[in-house]
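Read from first to last, the chains carry the letters A, B, C and D; within each, the first residue is number 1.
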Amino acid sequence: MVSVDTISWYLLVSTVMIIFGTVRLLLVRDLLARLIALDVTGIGVLLALVALAARSESSDPVLQALVITGLVIAVAFTGLGAVLIRRIEGLREDGGGGDRS
Amino acid sequence: MSTVLDLGLGVAVLIVTGLSLLARSRLVMSMSFLVLGVLVAIVWLRLSSLDVALAEAAIGTGLLSALLVWLAVRSPLPPGAGRMETSHRLRWLRPAVGLVAGTVLTVVTAAVWVRADHRLPAWGEPAQAQLPDTGVEHPITGVLLAFRAYDTLLESGILMLTAAAVLALSRRGGLSAGSTHQLSIHQASAALPPVPATLSWAARMLTPALVLLGLWLLFAGSTDSGGAFQSGAVLAAALILLHCAQVDLRVFQARWLRPLLVGGVVVFVLAGLVGPLLGLPWLSWEPEWAFAAVLVVEVLLTAGITAGLYALFLALENPEGVR
Amino acid sequence: MVVNDVIPLAVVLLSVTVAAIIFPLPQRLNRLRSAVNLAGAVVKLALVVLLVPPVVTEGARPEFAVPFLPTGTGDPISLVLRVDPLALFFAGLSAVLWLLTTVYAIGYLRGTAYQSRFFGFFSLCVAATVGISFSGNLITFLVFYELLTLVTYPLVAHWGDEKSLKAARLYMRYALGGGVAVLVGVVWLTMEAGPADFAEGGAADVAEFASHSPTAAVIIFALLVGGLGVKSALVPLHSWLPAAMVAPAPVSALLHAVAVVKAGVFGIVRVVDDVYGIEVAWDLGVLTPLLVVASVTVIYGSYQALRQTEIKRRLAFSTVSQVSYVVLGVTMFSMAGTAGGVAHLVHQGIMKITLFFCAGLFAESMGAHKISDLRGAGQRMPWTSAAFTVGAFGMIGLPPTAGFISKWQLGLGALESPHPWVLVVLVVSSLLNAAYFLPVVYTLWFGDQHDAAFTSGHEPRLLLVPALCTAGFTLIVGLGASLPFSPLEISRLIAEGVFS
Amino acid sequence: MTFTQFSLGALALLPLLAAALTMLLPHPVRRALGVLVALLVAGFTAPVLGSVTSGELTELVLGGFDAPLGIHLRGDGLAAVFLGVTSLVGVVVTGYAAVLPKSTGAHLSATSWVTSHPGFWPLWLGCWSGLNAVYLSGDLFNLYVSLELVGLTAVALVAVGGQSAWEPALRYLFIAVLGSLMFLAGVGLLAAVTGTLDLHQTRSQLDELEDPTLPLLALTLITVGLAMKVALLPMHRWLVPAHSAAPSAVSPILSGVVIKAALVVLLRCWLWALPAVPGMQWLAWLLGGLGVAAVLVGSVLALRQDRLKPLVAYSTVAQIGYWFVAFPLLLHGEHDGAPLGSGAYNGLVALAAGHAIAKAGLFTAAGFLKDRCGTDKMSALRGAGAHHPVLILAMGMCAVGLLGLPISLGFTGKWQLATAAVGAEQWWVLLVVAAGTLLSAAYLLRGIAPLLLQAEVPENAPAAGPVRGRERLGEIAVLIFGVATIGTGLLGAWLGDLLEVGAWW
């Protein structure tokens, strides 16, 4: 059992992560920075869920399971995003890439 | 005592978050993110969520950050890195608006959070009552593979299809034996830096330990913390290490990558189909053989996750023609 | 009775089926396409004729309904096809003229490309027109009205050059704008007074609604008539009509005589007589402004026609003017006027289609597009010129043509009505009609032989026969106006229903 | 367990299984398997539609674990309508892609870029699985997972379009994932105050709640997140490059059904998960205002395009606006005994369903022309209609649906939206509908009319080459969409009956 104050504190931390991750995502141009901002936002959301899970006697298994699911999804989209960034920058290094679509 | 620790941890998380968001260099950004992963894993532990901490350590910090760091290392200085998208006239406007909006939103949201009267989940009791029917003892594994098996199935589908997607962005659509064979073959023009002999040696030594750890996580999952996802991440890390140590895995890639990738989902769906054949709902398993079903599904799922994560890593290297 | 109930649906579906058969036919199967077309037209005419005895003499009202839109209260709004005398009247006109126009079009388009597309949309156009005539409530009317807009677009754009496309785009803009106004009006009225089934003498729900919120009723009336006024080319919403003359001649003929313009006018008649009811409309005070607009349109159209030098454009402005006679008759609030207006719906169709057929013939055979090109055409194309003369006399309103009958009836109506000044409008307009048609007739017969280069002047039979037929009808209808089942007699029957 | 219940599970899991299997097969076999699975999925949709037509709500408790612990699948009216529409679009697009493999993207062969992409098949089948899962799901977290499945596969489907599609795909990825994360945050909030994830239980728990602030915040997060995924103005900018750079067989899926998935989730949250919370109407009005802006701005931007696919994509932006215009009306009461909220809801669903079919048709046609002529510049496509009369006819029919002219679901939807607006005395809705109709007529004419030019088509125009039999089949696919656009217009009353089943009121 984690104290209520601790949970509120982590909820606050998660809120900051979510919001500033989003703001950064929308403002920055560098693709990798955007991807990382997205991941920060994702971790923020998951942190909130875990903090909620910690309210129960023994940490709530369902919410924990949801967080694990969320983590895997985060890896999935980061992976796809990273590969896309690599390809796009590969094109740019080639000098604008070909004209084929 | 605990309050001070939590306070410090929270502040540290915030600082590292700031660093990973605002740094100008890609390397700093991704390294900060790696540190963030470690810190957050500790937070999970503080919040008594061992499983999540394990998953974070293995998947989040281990693989996800590794992907990002790898990306940062391979193309460290793209055009315009770290710069804001600024309009020509008012450079400061966007960041300022973002900052103000972010702060206001944070205050409002946090105020609501604090005010709200939380209600404890209604699934606590039924979860404990029905856990024996699932054939596993660890509640989180029970949730993942019995109570909410459908979510897990769709999620493994997501991972499989992400792997399919990144393979599709590789040579020959990446979806034939010949193409997986060629994955991640570095071109002369973008060759990797030579691998120090010590690393190669260390990788070979570490791999068996990692495999052992992965398998332990897998089989411990039914009774204790751990499970398919954590285990899969560790095993994938082992494969990646081997690859980095320039161990030739091409035969494995060509023959086994795709079947492993697919196997978990296929077996999961087929196991879910047993229920309907017996007149039960989808994804239901009789208590007598539930454990067997869960075990089979979990093992294959682990293999699938391993293959999927490894494929993500392999596809990071651009095929020739697209550097 | 049961059989009769199916006929309205059968008539609509028949044309759709014909279109569905024709669309995929390859270009080279000319005979098959013509056969299907003609068979469809003949069967349709037969079906409409079958309806005449039960509806006119026995007073039956065959009806077919299918649920269409949910309302939330349980009873969905239906698509209703119902045959009353007015519906039959209009359907009869379109059935007869479709047959003739089909024959004409087969001859006119011989040897040109994209015939399957043309005849397919041609059939759909007729399906929409029949649907409009059989519509049993405003929503059904709206559905077919918009359908008509859509299927005439490819017909107007048929030649596929910049000019046609531009005209078609203009047409589409006007028609859709009008359609949106009608839609808004229908939505509003439906919400206030239910789905507004057409009823002789007006719908009871609408009358009740008009009595307790007259302002809303007036606004809705303005929306409906304003929207319909676009297709019926009321001034100042008329300018698409002359532009649309770039279409092939049979299309222009159909557009002016039965389909588009007439659909608009028919809608106005429906709204005034069968939705609001003439008494309610009179009490609301909406008839007089409409009468004024119609009068202005009659005069302005004639004046513009006088200024045109191209045959087709002159005919187009003539349509603007002539079609408004119908509105004039319906809004002057007298039984004879209504009868005259409704009769003119048919009379104008027959006469105007004659003129368009002839104009097409002149253009095809002599390359004549301007009135001055027609000099001496009377000698080279005597039959065509004769038919044209009959049509022109009808337009002026000379006896014994159909035009005389409607003008006479309208004049009687004006004297009976609270607005005797309409008689002046009729007289002035007739003088203007004479002023722009008589010179053409004179040029035809007595003009000097034009350039010797135009010697061909032969009159293709497929084009000539329809023109002669309609010219014949113009005379027969005029001479036999007092016989049973003549347009005038049926119009009187309808007018009695309106004022009952 | 009844067959209908079996179908509920099969609708989501069969395509997923097939997606996995296709990854092991060579390309031609994938196409055959894809078509087979598409037909099977349509077959499983039939019993669900049937039972909903007879007024029955089918519910499947997965694994036999009741909510809140387990997940329920519910085949209600909303699910049935979108299942039906998705099956139609899915079967036709699958057939199109099987017949014309070059419409599935471009991949790097051993030596060069080749049109056709084998990766289309697993990704599309996975996407379909996610779509069906979204429609049927009765659980908030499961909605998140399903939505992610749809989102990730959709991004990947854009990316298989080749080099020029990678940047749009990445942009799409950022927005799609950010949207889902916001949705997840909202779901977390709701779970915190209700202690359950089941939609129905969430509603009953919130009914007892006195303080509306937290549900309202949750709803705001959910709405913003989903509005991003639906591409409501001003969050629409990702849509145009993504939908126009996607391969020909993918754009119809994205514009037709993928954005509908987010819309369905939005409706589930607004109408099922949350009771009428005070303060909700402000959010609804905000959405309504954005909807109006989307209709107008989207149409005007569509008018300014000179390429066909972006034009069609902007038309989607405009059409999305209509759905949100209905939101302020959803919360209204009754008028003369007719519930206005349900009228607006019916209208919204009819508009969205009609848009799915019509837009799928139009995008397939645009992609077809692009594949055939090598470009979708409208100036280069002049006169293409002369060689593809069937295609142009079908495009016209689809345009009728987008314009909202009778007979089409678009008309049914606009009608219901307009009547609900008159009942609620919200006259501005009529103005928006009128303006939107006229503007859409303008841009659709701009897109289609040049194809009709036949007077001055040069002999060597790209469209003038001989048309192969396969391409004729592709045109038939568009024609099916066109006929379906018109044909479904007669189903308005039936649609209303369907939506009664399992509705929130």
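The rule is short, and it goes like this: a residue touches a chain if its C-beta (ideal position, glycine included) is under 8 Å from a C-beta of that chain, and two chains touch if they have at least 3 such contacts.
Source: prediction; values computed, not measured.
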> What is the chain whose Cα centroid lies farthest from the Cα centroid of chain D?
Replying inline: C
> With chain centres defined as C-alpha means, what is the inter-centre distance between chain A and chain B in Å?
Replying inline: 11
> What whole-number Å value describes the gap between the mean CA coordinates of chain A and chain D?
Replying inline: 27
>> How many angstrom lie between the centres of chain A and chain C, each centre taken as the mean Cα position?
In response: 67
> What are the residues of chain B that contact at least two other chains?
Replying inline: 109, 118, 120-121, 123, 127, 147-148, 151, 155, 158, 162, 165, 169, 322
> Where in chain A do residues touch two or more other chains at once?
Replying inline: 22, 31, 35, 52, 62-63, 66, 69, 73, 76-77, 80, 84-85, 87, 91, 97
> Can you list the chain D residues in contact with two or more other chains?
Replying inline: 69, 113, 141, 145, 148, 152, 155-156, 159, 163, 166, 191-192
> Using the touch rule from the top of the page, what pairs of chains touch, sorted by label?
Replying inline: A-B, A-D, B-D, C-D
> Which residues of chain A touch chain D in the complex?
Replying inline: 18, 22, 25, 31, 34-35, 38, 41-42, 45, 48-49, 52, 62-63, 66, 69-70, 73, 76-77, 80-81, 84-85, 87-88, 91, 97-98, 100-101
> For chain C, which residues count as touching chain D in their complex?
Replying inline: 23, 66-73, 76, 113-114, 117, 142-143, 146-147, 149-150, 154, 157, 159-162, 165, 168-169, 172-173, 176-177, 179-181, 183-184, 187-188, 190-192
>> Which stretch or stretches of chain B touch chain D in the complex?
In response: 108-109, 112, 115-123, 126-127, 130, 146-151, 153-155, 157-158, 160-162, 164-165, 167-176, 258-259, 261-262, 265-266, 269-270, 272-273, 275-276, 279-285, 319, 321-322
> Where on chain B is chain A touching in the complex?
Replying inline: 2-3, 6-7, 10, 13-14, 17-18, 20-22, 26, 29-30, 33, 36-37, 40, 43-44, 46-49, 51-52, 55-56, 59-60, 63-64, 67-68, 71-72, 74-75, 78-85, 94-95, 98-99, 101-102, 105-106, 109-110, 113-114, 118, 120-121, 123-124, 127, 139-140, 142-144, 147-148, 151-152, 155, 158-159, 162, 165-166, 169, 227, 229, 305, 309, 312, 315-318, 322-323
>> Applying the document's contact rule, which stretches of chain D touch chain B when the two form their complex?
In response: 1, 5-6, 8-10, 12-13, 16-17, 19-21, 23-24, 26, 60-66, 68-71, 107-110, 112-113, 117-119, 122-123, 126, 129-130, 133, 141-142, 145-146, 148-149, 152-153, 155-156, 159-160, 163, 166, 189, 191-196, 201, 205, 211, 213-214, 217
